[in-house]
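A short write-up of the structure that comes next.
Order of writing sets the chain letters: A, B, C and D. Residues in each chain are counted from 1.
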Amino acid sequence: MPIGRKIWAIAEGYIPASSHGPEPEMTSHETACLLNTGDRDAHVTIMLYFTDREPAGPYKVTVGARRSCHIRFNDLNDPEPVPLGTPYSSTIVSDEPIVVQHTRLDSRQAENALITTIAYSQD
Amino acid sequence: MPIGRKIWAIAEGYIPASSHGPEPEMTSHETACLLNTGDRDAHVTIMLYFTDREPAGPYKVTVGARRSCHIRFNDLNDPEPVPLGTPYSSTIVSDEPIVVQHTRLDSRQAENALITTIAYSQD
Amino acid sequence: MPIGRKIWAIAEGYIPASSHGPEPEMTSHETACLLNTGDRDAHVTIMLYFTDREPAGPYKVTVGARRSCHIRFNDLNDPEPVPLGTPYSSTIVSDEPIVVQHTRLDSRQAENALITTIAYSQD
Amino acid sequence: MPIGRKIWAIAEGYIPASSHGPEPEMTSHETACLLNTGDRDAHVTIMLYFTDREPAGPYKVTVGARRSCHIRFNDLNDPEPVPLGTPYSSTIVSDEPIVVQHTRLDSRQAENALITTIAYSQD
C-alpha cells in the first residue's frame, strides 16, 4: 500500500549564499526529502517559482520503488542551477504517491541553524 | 492547475525586538512565503490578531501569476506597522489558490535560530 | 467566518530544565499558540500525556473572540505544574474553531534553538 | 474519543554521526513522538527506507493507552540498528489512532540545532 499523495508544494525556498564548516556536510543547503513506499518507481517533476521571473524547470527525478531520496536543491542543474541568496518556492509532482518534507541547513554563522516541515499536499 | 487553498492561518507570530549581524539579511524577522502557481494574479488579505486588542488590517498583497512572494511582516506598514516583541497571529485569505509557509529568523543572540512550518489551511 | 478546527494534538513536549540568558524572554519554554478568529470566546481544555502515568489536567483556558493567545506550558499550574525535563504530549480541545501552533525555545546552551510546527488537527 | 490516524510517514531522516555535550541529553538524535489518547494499547510498526537498499524493519513498539512515547531512532536495534550519518525515511503504522511528530537534535557543532514537524498522515 503506497503512502502519500502526488501533488506537493514548498512555499519557502532560500539557499544561503555563504557557509561555515566542512563541505559538503555543513554547506548551507536546502533539501526536499522524497519517500516512495510503493512497488513502482516514482517519476517526479520539480518546478521552481521566483519573485520576478517565469518558473524554472522541469527538473526530473526518479525515486525508486521502496526508496528514500534526499534531493539537495543546490545540486539541481538541468535545465539550470538554483540561484543562491534568492527567494523561491517549489512544486513537486509525482506519477506515484510520495511523501515530501522540506529541510534547510543554514551555516552562514559559525553555528548551524536547521528548519524542517512536511510540505503542503493535495489530491 | 493551481495548487493550494484560499484560507490560511499562522497561530505563531513574534518579531524579536533585537538583532545581531548585518541588515537586512540577519535582522530578526518573520516571513509569510506565498506561492501562486496559477495563471491569474492572487489578491491576498492579511489580518493580524493580538492578545488584548482588536485585529489590525487588512494588509493587501498581490502575488503575480506563477510567482513566489516572501513577505516580511516587518515590512507591513499599511494600515499600521507590526509591533516588535509582541505575540500575534495572522490569517492569509486569497481569491486564488495559494500555498503559505511561515518562517522566523531570530538573531537576538550571536548565532541565528530559524523556524518554519507550512501554515494551517482549509477550504 | 471562524477559521480552524476544534480538536488538536501536539505529540512533542519537553521543557528543558535549564536555561541561559535573561528571564523570562530567554527561559527555555514550550508554547501553544492559539488563534480564535471567531466572534465568540473559545473555551479550551488542555490535557497532558506522559510516558508512565495517567494524564494530567484538565487545564482550562479562554481565548477571547478575535484574539491570539500564546500559552507557555511552563505557566500551567492548575491542577498541577508541568514537570521540567520530562517527555510529554498534549491535546487541545475547544468549543469553537481555533488554530494551534507549537513552539519551543531551548536555551540550555549559550545560543538558543527554536522549533515550531502547526499542530495536528481533526474534525 | 481517540485522536489521530493510523498511517504516518516522515520523509526526513538523518542521525548526525557526531555530537557535542553531555550524553544522552545532548547526543545528536532523531525522535518520533507518539501520542495514544485512546483507551486501548496501540501496536506500532516502524519501517525505514533508504537510498540504495531495501527497507529495514519491522520495528515493533507498543504505546500504552493514554500514554506518550518519545522513541529515539538511535535506540532502535531489532532487527538492526539505524546507521548514523545516512539519509533515510520512515513509516509509522498503528492499529489504533495515534499522533506522530518528528524531532531532531543536531549537536555536531558546539551549539545545538533543533527541528520538528507533525508527520504526514492519512486514513
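One rule holds in what follows: contacts are C-beta pairs under 8 Å (C-beta built on N, C-alpha and C of every residue); 3 or more make two chains touch, one makes a residue touch a chain.
Because the structure is a prediction, the values reported are computed rather than measured.
K.L.:
Report same or different for the subunit C and subunit D interface, where same means the shared residue numbers exceed half of all residue numbers found there.
P.N.:
Since fewer than half of the residue numbers are used by both chains, the interface counts as different.
K.L.:
If you fit subunit A onto subunit B using the CA atoms, what's the rotation angle, as a multiple of 5 degrees?
P.N.:
To bring subunit A onto subunit B, one rotates by 90 degrees.
K.L.:
Measure off the straight-line distance from the CA centroid of subunit B to the CA centroid of subunit C, and report it in whole Å.
P.N.:
21
K.L.:
What whole-number Å value describes the gap between the mean CA coordinates of subunit A and subunit C?
P.N.:
Spacing between the chain centres: roughly 30 Å.
K.L.:
Which residues belonging to subunit B are in contact with no fewer than two other chains?
P.N.:
Within subunit B, the residues that touch at least two other chains are 110-111, 113-118.
K.L.:
Give every residue of subunit D touching subunit C within the complex, in rising order.
P.N.:
On the subunit D side, the touching residues are 3-4, 21, 25-26, 31, 33-37, 66-70, 99-101, 103, 110-118, 121.
K.L.:
Can you list the subunit C residues touching subunit D in their complex?
P.N.:
7, 9-14, 47, 49-52, 54-55, 87-89, 91, 102, 104, 106, 108-111, 113-120, 122
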